[in-house]
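Notes follow the structure.
Labels A, B, C and D are assigned to the chains in the order they are written; within every chain, residues are numbered from 1.
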């Protein structure tokens, strides 16, 4: 039986703040404690902090990277998916999630939220984490109002929203 | 010498309004008259109207479709690129453009705008065309303020913005 | 620390023989017993039998599927990567492996072997399993003679070849 | 009305022989003279020679490149599709062709032939051009015998095979 897969997305290494890194760590930890698998982009910043949080709580981490060589992944990925398709891998991260949690982030994170929105996945934005999480939190990404970007005040609440929407 | 490639993106067949269709036709026409190649997603709605506009003004049209069979493309595409990679083809449309023009559109159009933003392409939104063109027109898609979504009042102005930004 | 990732590729459900299914099961089992992660295309036939073999020996299984919905994956995948990019996902399977093992298979399997060959991954073909495993076993796929398609007489030998080439 | 799209594939710049380059030029020329659009990988070697041949005979050339920036394409591409998906773009080249012609080539060319085989496109290999064109010419790529790799003695004959199979 497949476990729930939760994607954590957000700032890459270049723009990740200490606060966002800490939040990502907490989200990773809560994903692990909920018994879900952590899916992410496998690189630095939010991705790395979330992986570290999940690993330190006994979770499983999957890094879906743009490159075709394993060496680009952060050291806290249990499994690395080397897509080799560049940033189009953002689609795969969102498609491979039962729900996604955004911690800060730039336009790449917005694109991942967009893919999740398109396929009606649950989307959660961490309150106060900056970037697109705060810009788009509480809104619908287009006029169809398919799924809202739900704002969560902390990591535990964020994971809870996704668990609830997946009835598990 | 490669000609300028301008992508026209926006509402698909299901949601395209008559007004958006008319605007897309005008944009396609202006792209052709400017001597540029029209790039689009190759399907219905805005894509089809833009292709028709370009063809009726002697232009060249390229449809980059999600499917792997030619038959899904609209009848006004001179060349069809059958990607077979589903909606990840949105990345290719934006990457294959020197600038993009949005006419209405849902989250798929937002994703294409996002890819263009990531790579600092010129992005133009048609004023009053609805959808994400109006929702995001005049804004920056993330906090880095890389490139604005420029609002254009008509098709001629939209193409002019892209020509100007490419120095041609 | 990432574990070794071994891809098992071959006949899909339509063409899988009982013998190939049995061989795939054994290969999956040996991958698990070696402490490696099983990577595969996540669908039926060889993919499903290999996953079942790995799971029944306590292994971890990753299914990288062409579709964008989880439901297409076989029931023995611990983690499902929904690529949504169709058969271009064959590239990702090969890129995401430290070595690959072919059990029978048609041209899709040949393509995966080709990608592995391009990036100099260890390629093993199961002797007598039919399909492209037997057609190309013992050969080089192009004139550059980069890496041979090594023939293995049984599952244990196949996994051993990959372990040896990865020094683990 | 869409014109026929013929893909020319084969040696990249690193391995292209003078003979293969000359053959590719002739194939490009014949594709143009037949009124078909030339589709290729857009880089050097066979791709560049074929594009040059087509352009010097008044044809239209489309380069589908692995990178996401236009600058990687050869100077004889009328239109450049910047896929940004790396070598997975090989799938798109084959899917976007009504038939393909191989001039020499390594495993990347074999992969493109494999994709064409999977979708039952007409595949032609230039006799004596070396590489996989000669290794696999006259054969079926798997045991299903879907479509043969037809051997053509010269460029005119190669294009004729594709025209005939498309009833045009």
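Methods note: contacts are C-beta pairs under 8 Å (C-beta built on N, C-alpha and C of every residue); 3 or more make two chains touch, one makes a residue touch a chain.
Source: prediction; values computed, not measured.
Looking at which of B-D and A-D shares more C-beta pairs in contact, the answer is the pair B-D.
The most distant chain from subunit D, with centres taken as the mean of CA atoms, is A. Remark: subunit B and subunit D have CA centroids separated by 28 Å (rounded to whole angstrom). The distance from the centre of subunit A to the centre of subunit D, with each centre set as the mean of the Cα atoms, comes to 40 Å. Counting only residues that touch two or more partner chains, subunit D has 68, 84-88, 91-92. Put simply, subunit B touches subunit D in their complex at residues 1-3, 5, 37, 60, 62, 64, 68, 70, 73, 75, 77-85, 88, 91-92, 95-96, 98, 119. The touching residues of subunit A, when paired with subunit D in their complex, are 68, 84-88. Those residues of subunit B that touch subunit A in the shared complex are 15, 85-88, 91-92, 105-108, 110-111, 114-115, 117-118, 130-132, 135, 141-144, 146.
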